[in-house]
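All chains are identified by letter, namely A, B and C, in their written order; residue positions are counted from 1 within each chain.
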Amino acid sequence: MTTTSIRPDGRQADQIRPLEIVQGLLHRPDGSAQFALDKTSTLAAVYGPMEIKIRDEKVDRATIEVNYKPLTGQSGVRDRWVEFNVRRTFEGVVLTALHPNTLIRIELQESRVHGSEISAAFNAATMALMDAGVPMRTIVGSVSCAIDDQGTLLLDPTEHEIETATSFHIFAFDSEMQGALFNDSIGSFTPEQYNACHEICRKSVSKIFSFMRTAVEKKLLTQVQQLQKE
Amino acid sequence: MDRRRVNGPELSVAPLVATVDAEGAVNFVQETPKQAFTPDTKRQDGRSAGDIRPIYLRAGLVNQASGSAYFEQKNTRVTCGVYGPRQNKKAQFNELARLECEIKFTPSSCEKRRALHRDPEEKELANFIAQALSPAVKLDRYPKSTISVYISVIQCDGWWSAVAAAITCASVALIDAGIDMIDSVVAASTLVANPSTVLMDASQSEEDAHPHIDAGVLLVAELPTFKSITHVVQMGKLDINQTTKATEACLEVCAKIHGVVNHYLRESVIQQAEI
Amino acid sequence: MSSSAPSPFVLSAAAFEKIAPEEYYKRFTSQKIRPDARRFPAFRQTSVQINSISTAYGSSVVRQGNNMVICGIKGEVAEPKFATPKQGYVVPNLELSPICSADFAPGAPSELAQTISHRLDQLVRTGHLLDLEQLCIVEGAAVWTLYVDITCLAFDGNILDAALLALTTALQNTKLPRATFHEETSLITVEPTSPSTQSADSATVALTVARPLFAASFACLPDGVILADPNATEEKVAETLVSIVLDTSGQLAHVWSHGKTAVANSPTIQACIEQARQRVSELQNIIQLAAPKA
């Protein structure tokens, strides 16, 4: 495994793309965030806890609904699959027992597509939930990686790198970073390669978490400054 | 383009069937040549005109359902699941239960691939299966509720025989679900091929060989104990004498099918008692 | 005068299961057994029936415990994509019909059906289940489209395993009619095949599945219990669900874990992969038993 090779966009094999987080950019939802991995970016909006249809009501906890919209065209089965996984993950993370008989709706919209969109969606959802002040047990960070035909691990792959890869792995971790909350790997790979992917993603998710922390700190700081001015 | 399913290419067509001879000439395969049936000629599968294919029946295949049944006549295979009585989704009060019926031919059940979504033909069929069944069900025993009958045709060898099988199968599933009924419902179908021949339980190749233009089909659903008919479907060209003759033939077969159903139900009760 | 003492409150097992499913399961798992009398690593009895539907090019019926799925394959002719002029299409769809469980309403496919359909589609394409170039009739002009329609008739959890087994075995036993392209008319015709002469005739071409894939799924309960092949109730009480897809050489094709607790790459996943390996060899035996006798 070589980690020194340079990728077409000038990155090292184990380097993630430049991150960008904007919180609270939408006014109508209760919380919103945009999470960008360079040219990949996803917009998330959170509504709730709010009123729910009697049909979907759960007496002991809040119901979580996730809607994922692709950049172009109508949504399809792939988007249902993303929704299923995001919902399953956040059902275990959001403290739903604090808001019984309510609905928490997470809207995800791809705004730029250049590989690893699902990881961006997980991260955007976390930031938007935080922005909405929805209580959570932990925060969720996600990183993807691919293995190319040479057996090289490519962290945070671009669209082209995924297309030519032999396997593609998505991991989502909680802040303890012990094991993955969510994992989806597909292609052809050995258990050893799987472990290597897990390790590299686990290590680099800490970068995402620290970036999330900085973003929240910055946002709070500006809010405090504004209050002081007033 | 169906956004709730995995989609293939925009356009695909069923292949044309043809034989190519040594000179490269293409001969499209013709439909089975028409054959005049007389009461003594044997049919393709060795039956005589009044015979039906052997029946295999089983109840209670789907453990999640309130009741279920599987009905097989050679290559015609039908399965049915009954759910309910369960709460009516609409808040409106109704003294009678609603008998809801759905039928789906699985995509690979027929010669040509069928669409995954329910087509109008299936909706129409579902309506009249519900009409054939509801006189037997004591709907007044279940106010405010819905009884759902879901039928899936796994393989269809003869359209009308599959529909008749679906009705009989659904009635067994209703019995399996323990729904109060006044009687079981059995159905039989027939193809009237030429002035004199009544082909019971026609297979697909027989249906193909006798298009509606010069033949007729008749399906009868009956409450066998009450000797009353709950539904009749008639299509094609039939005069009144042929219709009468075909109805009588169907009722005769209904009695036979009722024998099979009864025998099965009795055996299964005895078996359960032994356990 | 003896006043009858109030009868002690007794809860039936069925009611207990409905009211507190987690607690109900804990009573069993603490005794190292499951309510259906299976041990933790035991899969439900599985059987495969090959090519029982004569109207399909290939078909299989899979029973796994109380699960029953039917997979039928139909072929149609279509134009290939410009970028891949030799590749045909495989279009897998899972229908969770309302017959199979009260959880599925009639009408549009449920979220679960769509999720699994997408999964199967990805396994065929990204997982390289079969070489799509064998579906080519005329390069750049005509290819086969195989519609793989999987219908669930009885549902009791772990549908991915059953659906993938049905898909793999049906494709392995698919025979395409031999297709001819007529240049002067640019028509595609196929040789007639009658169901009775289907075995070993020159009018059909058998499909080869380069990389048969098999799934094994597990439910992780609290306190480290791993249940193999969870049924519908076990799926509901599970903290996390893990699915492993392997090929016959032991190479991984897919790992999917989702749920409340972090498990990936922990000893749990390793244990699941190990159990999945055993399951694959078990399934191969089952398939061999089902194979039509030559």
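Convention: contacts are C-beta pairs under 8 Å (C-beta built on N, C-alpha and C of every residue); 3 or more make two chains touch, one makes a residue touch a chain.
In UniProt terms, the chains line up like this: A, B = Ribosomal protein S5 domain 2-type protein; C = Ribosomal RNA-processing protein 43.
Predicted model only: the values in this text are computed from it and were never measured.
**Q** Sort out for me whether A-B or B-C is joined by the greater number of C-beta contact pairs.
**A** B-C
**Q** Hey, which chain ends up farthest from chain A, C-alpha centres compared?
**A** The most remote chain is B.
**Q** Measuring from CA centroids, which chain ends up nearest the centre of the complete protein set?
**A** C
**Q** Approximately how many whole Å separate the CA-defined centres of chain B and chain C?
**A** Here the centre of chain C sits 28 Å away from the centre of chain B.
**Q** Between chain A and chain B, what is the gap in Å from one C-alpha centre to the other?
**A** 50
**Q** Could you say which residues in chain C touch two or more other chains, in rising order?
**A** If we look for residues of chain C contacting two or more partner chains, we find 114, 117-118, 121.
**Q** Where in chain B do residues touch two or more of the other chains?
**A** 4-7
**Q** Specify, in ascending order, the residues of chain A that touch 2 or more different other chains.
**A** In chain A, the residues touching two or more other chains are 77, 80.
**Q** Spell out the residues on chain B that touch chain A in their complex, using ranges where they run on.
**A** 1, 3-7
**Q** Once bound in the complex, which stretches of chain A touch chain B?
**A** 74-77, 80
**Q** How about chain B: which of its residues touch chain C in the complex?
**A** 4-9, 11-20, 24, 26, 28-29, 61-65, 68, 75, 79-81, 83, 86, 102, 104, 106-111, 113, 116, 118, 148, 150-152, 154-156
**Q** Within their complex, state which residues of chain C touch chain A.
**A** Checking each residue of chain C against chain A gives 111-112, 114-115, 117-119, 121-123, 126-128, 211, 239, 247, 251-266, 268-270, 273.
**Q** Over in the complex, which chain A residues touch chain C? Could you list them?
**A** 77-78, 80-81, 83-85, 88-89, 91-92, 168, 171, 173-174, 176, 178-191, 194-195, 198-199, 202
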